[in-house]
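These notes open a run of structures that come right after.
Paired with subunit B in one complex and with subunit C in the other, subunit A is shared by the two complexes that follow.
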Partner chain A sequence: MSILIDERTTFIVQGITGREAVNLTRECLDYGKGAKIVGGVTPGRLGRDVHGVPVFDTVAQAVAHHGAAIDGSVVTVPPAFTKDAVFEALENGVKLVVIVTERIPRGDVAQMVELAGDRGARIIGPNCLGIIVPDVIKMGGIGGPAKDAAKSYSSGPVGVISRSGGMTTEMSSTLTAAGLGQSTAVSIGGDAIIGSSYAELLPLFEADSQTEAIVIYTEPGGRMEAELARYVLDSGSRLPIVAFMAGRFMDEMPGMSFGHAGTIVEGKEDTASEKIARLAEAGIVVAEEISQIPELVRGRIATTV
Partner chain B sequence: MRFFEYESRAIVAKAGIPVTRHGFATTVAEVSELAEQIAGPVVIKSQVLSGGRMKAGGVQFADTPAEAAGHAEQVLKLEIGGQMPRGVLVDSRAAVRHEYYAGVVWDGIRKLPVMLFSDMGGIDIEEVAEQQPEHVARAHFSTLRPFSEWQAKQVIASLGISGTVLGRLTPILTRLARLFLAYDMTLAEINPLGELEDGSVVALDAHMDMENEARPRQRELLQELGVGDEETRQAREPTPFELAGEEVDAQDHRGVAGNVTEFDGNLGLVIGAGGGSLTLFDAVRAHGGNPANYCEIGGNPSVRKACGLAKLVLGKPGVDKIAVMMSIVSNTRVDIVARGVIKACLELGLDPAEKIAIFRIPGAWEEEGFKILERYGVEYADRSVSLHEAARRAVEKIQGGELAGAR
Partner chain C sequence: MSEALFIDVRVDEPTSGDPGLAAKLEEVCPVDIFRAGPEGVEIVRENLDECVLCELCINAVPAGTIRVIKLYAPGEELRA
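Up next, the complex of A and B:
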């Protein structure tokens, strides 16, 4: 099984005629069982096609052409137009929006997330690479071209959640090399406000019978790790969690942002050392190096069985 | 990006929030003039972006224009937190009956803005929240529906505040909430918000932070305030080395090869992507290495950009070798980065095999990339070598070299 998407998931790509979006479309069509990309949207480009995917001016046209509700959308339009594109998807019944675009101001992200809540929809990102269910489907640029993604990802018991798109692949590749596949890997985005946090995705993994452990990649900045620790303590999650914390050096440099917009340390709860302490309190083990993760996962899967 | 207090006050005033009579001055003569105009006791406040002004002696009180000029002379020369002041704020000293706190920040967990209000103003709000939480009221509000006055009234009244002052505080907090969203702030704070002897309520100090990502669409406000595009307003000013990094990245719009931060070590880093750079920088330090810089490659940059970045790092005084390392790439091409860094060595008349301590970038187009590296005898590693192991090898090489040199 998987979370968020499976082989039946239909989606569109908004901004499909952009250079990156064209590549992303090819990759998703080629990967696993082949993504069901039922349309693309770029205003003014009605009637074209991208790798055989029909292009529309509006999301409504894509829905009408498909003849049924569309499950998801990958949004790759420039930051100034992202909010409008996401609103358009949500108001046309799309329930899962993956926002690839980076450099979107928080005010816009908050509005998108709020509207998604009102419409019973979920947002992944912004500033993310999307979702992959190994050997089945990928939604977004995660893992790159199909043949590269196949090298890094394999099917198995580990759920992966990461604030860094590239590190989602690095960690999954390390797990794969050690014989530990992934149930679903989600690149959740590196911004200060994102649609879905660790704590919000964990219940989905808990409900997935294939998933036996969780691996997360974390960074300084924000309170998402504290939220996860609190969730684990309060709910008593069945899933062991192994975390990796990058950017420890940033603790010496408050007020500076490295790597992702969300990493800026604004308060004492935001630092790497504080987060490591919080995670440890909740029984979440923090690996010193990526290469230690497989062994830590294996040990914890063994103890829960 | 942070605003100076005099800019924050201008923003607050523009939103219709009353402020005390004040002016901004960069010379002692201007301070005297402003103090004459105010014609009463004044406060001279250093205009720096760092905190701790009061403790550092950057805030002085004066009863006469002559006294104000005397203080200004000192304050204008006083460095605070490594920064020279941009000038001083000359503020009229109001007779304050009570100090409140009003602020708006983002809550990244609820994904909504939250209004904070306290009847204990003038001190650090985090301290009040920790020690006397019953004196802090808060309320989240929607970003989709317009902010309505009752929301501010409810927050204020929840601390037991009633009477005339409730009616005066309400529009101020309402305007603060609206300006927070309208100007893409990440922090909008009035502390203290003073109730004066005459019953009026005015902002005595203000602190505004704007989201960097919103600068393009807030150009009008920034122009009005005289904030130039070149002012980064980071926690510290960029160094010439960092500015040169920005120039490399601005050469073309393909991908990223920049976000350079200067450190003082001997191992130059050409690393990426976002999360990979954070991991690798930690890894180099964990193995006892001294990075000369932090940087980020990503999004498939051109050969020219990768070359420019490598040249910049190689040319930094004190750099012996560079390590070229990234987490597995899916969009950036291994062969393009390989060509860029080898070209950089050759153009500087250096031997790539000697200067590149290690090249560890697995992923898209790796076969092509590794072939190029082999031709020049550069040590490289694929995904079977972890990020930490690659960092360890780079550190070992550079420190081994140092020891050999010392012998």
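Up next, the complex of A and C:
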């Protein structure tokens, strides 16, 4: 099992003719059982192909060519055009949108998240690397080229959620090296406003029988961890959670900026120590070093079995 | 009239002069939209577009004291 995507998931790549998207498409096609990328969209490029994936001018054309609803879209278009691209995907029935693009105007992100909610769809990102189900499928640039992703990620019982794309792979690689595979890893994005938070994804992991524990990467600042702690306390979650928090030094350096956009703008009073205490109250253990994560996870799984 | 593009903020008039309320709002807002001034709550208009929709201001004060108007969704307000 997995969350969000599996081997049957179909998706398109919007902005597929861009350099990053061309590479991302290759990586996804090569990884695991091979992603079902049923089309790409770049206005004015109808009739071309990228690694054998047909390119269309519009999402509607891609849906018509596929002959059925398309599950997802990876959006890689420039910031100024991202809102239109996401709206187009949502209006054409796409239910999962992974937004890779960063530096999207905040008002645009808020509108995209609102429309997704209205359409019963989910947004991952912006400013994220996507989703990976080890050995099966990846949707986005997460893990890099297929052969590298295959080294870092392995199938297993740990769900991974991270504000940092690179740290998603770093933590998963550490788990893999210790013999702990992952059920699904999700790079949720580092911007101030994102489509899916820890607490919004946790119920999906709860419902996934493969997942026995969760590892999250977090940073000082922001309210997502408090939201997660509240969810865990209120729901009585079955899943033990291990967190790794970067930027602890910020407590000793008031005014210091660290990490992603969400952290920089929200880091006023949410210090690392306060956040760790809040997580601890909900039973979430915080690793001081990445290398501690596997043993903490193993110990927590053992006590819940 | 606000020049903000993203959100606008309204403070309930009868309570906006409360220094305790002003101090609380200044403390909780991570992007400095509120300032505690001599007349109570002051809105720092140049920071309105920095809002991250965290709802901390709404949650920190009695219901109805603060209204966050979504300029990107006409007619709608942020709800805690």
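Basically, the second predicted complex is superposed on the first by the 293 of 305 C-alpha atoms of A that agree within 3 Å, B and C clash if a C-alpha of one lies under 4 Å from a C-alpha of the other, contacts with A are read in each partner's own complex, and residues count from 1 in each chain.
Please note the rule applied: a contact is a pair of C-beta atoms (placed from the backbone, for glycine too) under 8 Å apart; a residue touches a chain by one contact, two chains touch by 3 or more.
If you're wondering where the values come from, they're calculated on a predicted model, not measured in any experiment.
Trainee: Using the superposition on chain A described above, determine whether A:Gly107 touches subunit B (first), subunit C (second), both, or neither.
Mentor: A:Gly107: touches subunit B and subunit C.
Trainee: Under the stated touch criterion, which partner chain does A:Met1 make contact with: subunit B (first), subunit C (second), both, or neither?
Mentor: After superposing on A, A:Met1 lies clear of both subunit B and subunit C.
Trainee: Looking at the overlay, what does A:Arg223 touch: subunit B (first), subunit C (second), both, or neither?
Mentor: Both partners, subunit B and subunit C.
Trainee: When the two structures are laid over each other on chain A, which of subunit B and subunit C touches more residues of subunit A?
Mentor: Answer, by number of touched residues of subunit A: B.
Trainee: Contacts for A:Glu170 in the overlay, against subunit B (first) and subunit C (second): which applies, first, second, both or neither?
Mentor: After superposition on chain A, A:Glu170 lies in contact with subunit B alone.
Trainee: Please indicate which partner A:Gly141 is in contact with in the superposed arrangement: first for subunit B, second for subunit C, both, or neither.
Mentor: So A:Gly141 only meets subunit B here.
Trainee: Counting only touches as set out at the top, which of subunit B and subunit C does A:Ala64 meet: first, second, both, neither?
Mentor: neither
Trainee: Both subunit B and subunit C contact which residues of subunit A?
Mentor: The overlap between the subunit B and subunit C interfaces on subunit A comprises residues 106-107, 110-111, 114, 192-193, 222-223, 262, 267.
Trainee: Going by the contact rule set out above, which residues of subunit A touch subunit B in the complex?
Mentor: Its residues touching subunit B are 20, 23, 79-80, 103-107, 109-111, 113-115, 118, 129, 141-145, 148-149, 151-152, 162-167, 169-170, 173-174, 177, 190, 192-193, 197, 217, 219, 222-224, 227, 244, 246-250, 253-256, 258-263, 267, 288-291.
Trainee: Which residues of subunit A touch subunit C once you look at their complex with the stated criterion?
Mentor: Residues in contact with subunit C: 106-107, 110-111, 114, 192-193, 221-223, 262, 265-270.
Trainee: Spell out the residues on subunit C that touch subunit A in their complex, using ranges where they run on.
Mentor: Residues in contact with subunit A: 5-6, 27-32, 49-56, 70-73.
Trainee: Taking the touch rule as given, give the residues of subunit B at its contact with subunit A in the complex, in rising order.
Mentor: Within the complex, subunit B contacts subunit A at residues 106, 108-109, 111-113, 126, 142-144, 181, 184, 186, 211-214, 216-217, 234-236, 259, 261, 272-279, 281-283, 285-286, 294, 296, 298, 326-331, 363-364, 383-384, 386-389.
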